[in-house]
Structures are given as structure tokens and as C-alpha cells.
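Shared between the two complexes below is chain A, which pairs with chain B and chain C, respectively.
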Partner chain A sequence: MFSNRHYRWKLGAAIAAIALLGVLAARRGEAVNPMLWRCVAQPERWQGARLWIPFARIVSVRDASYEIAAGDPEARIRVDGPAPGKPGDLVTLTGTFRADGPRLEPDRSRAFPPRFRLRWLVEAVSIAVVLGVLANLARHFLFRPKLLQVEGDPRG
Partner chain B sequence: MADLFTHFVAARVPGMFVRDRRLQALLVIGTFLPDIAGKGLFWVLQNHESAPLSTHSIAGVLLVSYLVCLFVEESLRRPGFFLLAAGGAIHVLVDLAKDNMGVGSAMLLLPFCTRGTEFGWIDSENVVLLIPFDAAILAAAWFLERRWRRVQQ
Partner chain C sequence: MADLLVHFASGFAAGRPLRDGRLRAILYLGVCLPDLLYKGLLYLGGAPNWLCEPTHSPLGLVLFCYAAAMLFEEEWRKRAFAALLAGAYLHVLFDLGKNYLGAGVILWAFPFSMETVELGWYYPEDTIAFMLPALGVILLVELVGGLATRFSGPRPAAP
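Moving on, here comes the complex of A and B:
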């Protein structure tokens, strides 16, 4: 399994299996959590679907409902119930899609705190960490024939 | 995806107990593989929601670890595979701590079940608060590791 025998076949099989798993997750996950724009484009098809919207912006607020914009491409939908924030605030929510409207019956919703604007800091630190780890990996695994010639094989 | 600094620290601390620096590097890179491979599937399949989660499953972690271990020299492949998989498992465990509104941050039993799993201990937007704690843990780990090395010498 870990030898060099049939190396190319093992490599190809591993890549194919990962791709297959990704396609399977994409196909089956579509019914579990469809994108908002798909639901809005075909309301009847997605009637009753459970949605999770990780990031949404409150566009407008009314007495008994509010409108959010989310996704890429962006789609808008009315959400029943009181708004968790004011227009412009970012929220995350789960709910059930209803074709009449269309609208969303919220299950759970949460407004992001102001510190969520610091998300760029997390992303910047994350990128720096990945670059550092990759540099460390290259230090240990890069094949450097010149170094071998000067210092000899480290394994003796 | 929690922030990658938290993932790094979560793998680097147990990495203190791995003597071979190359295997230690594989453990640490293993903890980034679910996100790196997930981003690859995200771009290739143009699927935002569930395709990236396929690498956050037991089968996904094992397959990606096997693929990556094929790129290291033959003598390191077997221990390398186990450490890459351990890194991936640490990544999934850290992600499970997040609260994704009950939807789940990993599909552990894919391809048999697409049910998302999560512990829901911390709101995903609050991972920024973990950075100072991570830095303190990392500093302590590095300090202890250097002391142990000196004692061994």
C-alpha cells in the first residue's frame, strides 16, 4: 500500500476517490442545504427545504418581517418574525423555505457582533501561518542535491 | 473552518512529542489538508456548501492523507500517513467545536450519511477571541520543547 509498486495507479486511484467523494457530497448536500439563489429561482421545487445561510445582510426591516440579501450570486428573501438587527447588520440563520412569497420561516438566527469586522485579521493570520508551515515543510522535504554534495547524505 | 492559527496550535502541541522533525512537519501540514483539499474541491466543483465538507469526514481525511503521503519518500510513507491522518483528525475535532447553527461543520460518515455533526461550543464568528490563548499555548509549548531538547543533549 505504501510502496513504490504500481505508484501511478495508487496516485490516480487516490485522486479519483477524493474527486468522487467531493461530487457525492455536492450532489447529496444539495438537497440538504441548497443555495438561496436556487431556491428563489425555483420556489416550487425547494418548497419546505431547510436552509442555512452562513452570512446575510439585513436589507430592510418591517414590523413582522425583514429582508435579507445573501450568497454569490446575491439573492434576496423575506424572513418572517422580528429582525435580529438593524439594516446593514450581518446575520446568520437557519430556516425553512416557503414557496409562497417566497419567504423563510426562521428556526435560529444570530446577529454577528461588531468584532466580526475583524475577520480580515483572522484571515491574514491564517494565510501567514499556512505560508510559514509550507516553508517549514519545504525546509525538511525539498530535494537539495548541492547540499547533499557538500554535507553528504544525512542518513549516512 | 476555524482560523488556521487555532488549527496550527492544536496540531503543534501534540507535535512536541514527535521526535522526527520531518514527521512533525507532516503532522502539522496534515491539520491544514482538510481545508486545502476542501478549497480545491470548492473551486473545481463550484460548490460552496457541501463539497468542501467532504474532506471533513473520516473517509475524506484518510484519502487525502494517503494521497499526500505518496509524495514523501517510501520509508516515511507509513508513519507519514498516520501522522497526516492524525493532523486531519485534529482539524475535524477543532471544527466540531464550532456552532454552525445546528447544521454541522463536518460530515463524519460520508459517503454513508450526509448528516452534519457539531458540538456547538463556540460561535464561528468568535474564533478571533481564541488567538491570544493560542499564542500563549504556542509560546508555552515552544518553551517546554526547547527545555526538553537541552535536557536530552
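Moving on, here comes the complex of A and C:
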């Protein structure tokens, strides 16, 4: 399984299986949690769909509803109920899509706390961690012909 | 790649008892691998979110780790596969604790089921507050590991 025998076939089969899993997840996942812009573009098709919106921005707030903008490409939708924050705040929510409107019946929602704005710092540290991990791996496994030549040289 | 310092700290604590530095290096890569693959596919490959989800599913990770292990030299592949998979599963285990309002992001039985799970112990942005404790864990583990090495004798030299 890990030998060099049929190496290309084994590596090719693994990559093909990975690609197949990705396509399968994309096709089946489309119906599980559709993108907001798709729901807004075809409201009747997605009537009753459960939505999870990881990041959204509150655009405007009314007495019994509020409007959010989310996704890429950005789409806007009215959400029933009191807003979890003020206009401009970032929120996350789950809910059920309703074609009349269209609107969103929220199930759970919350506004991100102020420390969410420090996310860039976590991203920067994460990139540094990856670079460190890759440098450490290279230190142990990188093929260095010059070093081998020096070590293998009986005069050296 | 939002919280790799915390993931790295977990891998560092788990991998410190390993005597082979090369195996530890692969474990550290494994613990970063799910996010590296996810963000790589998402941002560099321009793939849709769902296409990237197998990078955080147990069966999907077996294939990713197998393909990555095949890039090592032949005598290292089995160990590389085990270390990569152990690190990747540790990563998924930590992600399992996150709270996505019940939506979950771990497809635990994919491709047999699209059911997602989460334990909901902490919000994703809480990892900002975990950064300093993670650094503390790394320092503590290094300190304890160093003391243990001193009392148990020197490590064998790498061949």
C-alpha cells in the first residue's frame, strides 16, 4: 500500500478519490445549506430551506424585523424578529427561508463580540505557525545534495 | 486557518513524548493539515465551501493523509501517514468543540451521511482568547519535556 510499486497509480487513485469526495460533498451539500444569494434568486425553489449564515452585516433595523447582507456575491434579506445588534454590526444566524418576501425566520442568532475585529491577528499568527511548521519539516526532510556530498566525501 | 496556534499547541503537547524529531515534525504538519487544505482549496483553488468540507471529515482525511504520505520517501510513508492522520484527527477533535449555533461543520460520517456535528463548547472567535494560554501550554510542555529528558538521559542521535 505504501511501497513504490505502482506508485503513480496509487497516488493518482488517491487524488481521484479526493476529487470525487469533493464533488460529492459539493453536490449533496448544495441542498443541505444553500447560499443565501441562490435562495433570494429562486425563492420558490428554496421555500422552507434551513439556512446557516456564518457572517452577515446588519444593514437596517425596523420595529419587528431587520435586514442583513451576507455572502459573496452579496445578497440581502429581511429577518423577522428583533435585531441582535445595531446597523453595521456583524452577526451569525440560523433560520428557515420563506419565499414570501423573501424573508428569514430566525432560529438562533447572535452578534459577534468586539474581539471578533481582532481576527486579523489570529490569521497573522496562524500564517506564522504554518511557516514555522513547514520550516521545521524542511529542516528534517529537505533533500540537500550539497550536504550529502560533503558528508559522503571521504576527505571531508 | 483561523486558530492554528491553538491547534499547534495541542499537537505540540501530544507530540512532545515522541523521541523522533522527524515524526514530531510530521505530526505538527498533520495538526495544521485540515485548515491548510480547506483554506488552500477555498482561496487558492476558488472552490465552493462544500467542496472543501471533506478536509474536515474523518474518511476524507484518510485519503488526504495517504496522498500526502506518498510524497515521503518509501521507508517513511507508513509512519508519515500515521502521524499526519493522528494530527489531523486531533485538529478535527478540537474543531468539534466549536459552537456554530447548532449548524456544525464536521461531516463525521461523510460520504455516507451529510449530518454535521458540534459540541458547542466555545465560539470560533473565542480562540483569540485562547492564544496566550496556548503559548503557555507550549512553554510548559517544553519545560516539562526538557526536564524529563535531562533526568532520563540524552535522546538517541538521528540516523
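One rule holds for everything that comes next: the second predicted complex is superposed on the first by the 151 of 156 C-alpha atoms of A that agree within 3 Å, B and C clash if a C-alpha of one lies under 4 Å from a C-alpha of the other, contacts with A are read in each partner's own complex, and residues count from 1 in each chain.
Definition applied: contacts are C-beta pairs under 8 Å (C-beta built on N, C-alpha and C of every residue); 3 or more make two chains touch, one makes a residue touch a chain.
This structure is a prediction, so every number in the text was calculated from the model and none was measured.
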Check your understanding: After the chain A overlay, clash or fit between chain B and chain C?
Key -> clash
Review point. Should A:Ala99 be classified as contacting the first partner (chain B), the second (chain C), both, or neither?
Key: neither
Check your understanding: Of the two partner chains, chain B (first) and chain C (second), which one does A:Ile15 touch, if any: first, second, both, or neither?
Key -> both
**Study point:** Which superposed partner A:Val61 touches (first chain B, second chain C, both, neither)
**Key:** neither
Review point. Which of the two partners, first being chain B and second being chain C, lies in contact with A:Ala69: first, second, both, or neither?
Key: neither
Point to revise | chain B/chain C common contact set on chain A | key: 2-4, 7, 10-11, 14-15, 17-18, 21-26, 28-30, 32-33, 52, 54, 92-94, 107-108, 110, 112-113, 115-116, 118-119, 121-123, 125-127, 129-130, 133-134, 136-137, 140-141
Revision key, fill the gap. Chain C residues touching chain A in their complex are 1-5, 8, 21-22, 25-26, 28-29, 32, 35-36, 41, 47-54, 59-60, 63-64, 66-67, 69-70, 72, 74, 77-78, 81, 100-103, 107, 110-111, 114, 125, 127-129, 131
**Study point:** Residue numbers on chain A that touch chain C, as the complex places them
**Key:** 2-4, 7, 10-11, 14-15, 17-18, 21-26, 28-30, 32-33, 52, 54, 92-94, 107-110, 112-113, 115-116, 118-119, 121-123, 125-127, 129-130, 133-134, 136-137, 139-141
Study note, to complete from the structure: Contacts from chain A onto chain B in the complex sit at residues 2-4, 7, 10-11, 14-15, 17-19, 21-26, 28-30, 32-35, 52, 54, 72, 92-94, 107-108, 110, 112-113, 115-116, 118-119, 121-123, 125-127, 129-130, 133-134, 136-137, 140-141
Revision key, fill the gap. Listed in rising order, the residues of chain B that touch chain A in the complex are 3-5, 8, 21-22, 25-26, 28-29, 32, 37, 41, 44-45, 47-51, 53-55, 57, 59-60, 63-64, 66-67, 69-70, 72, 74, 77-78, 81, 100-103, 107, 110-111, 114, 116, 123-129, 131
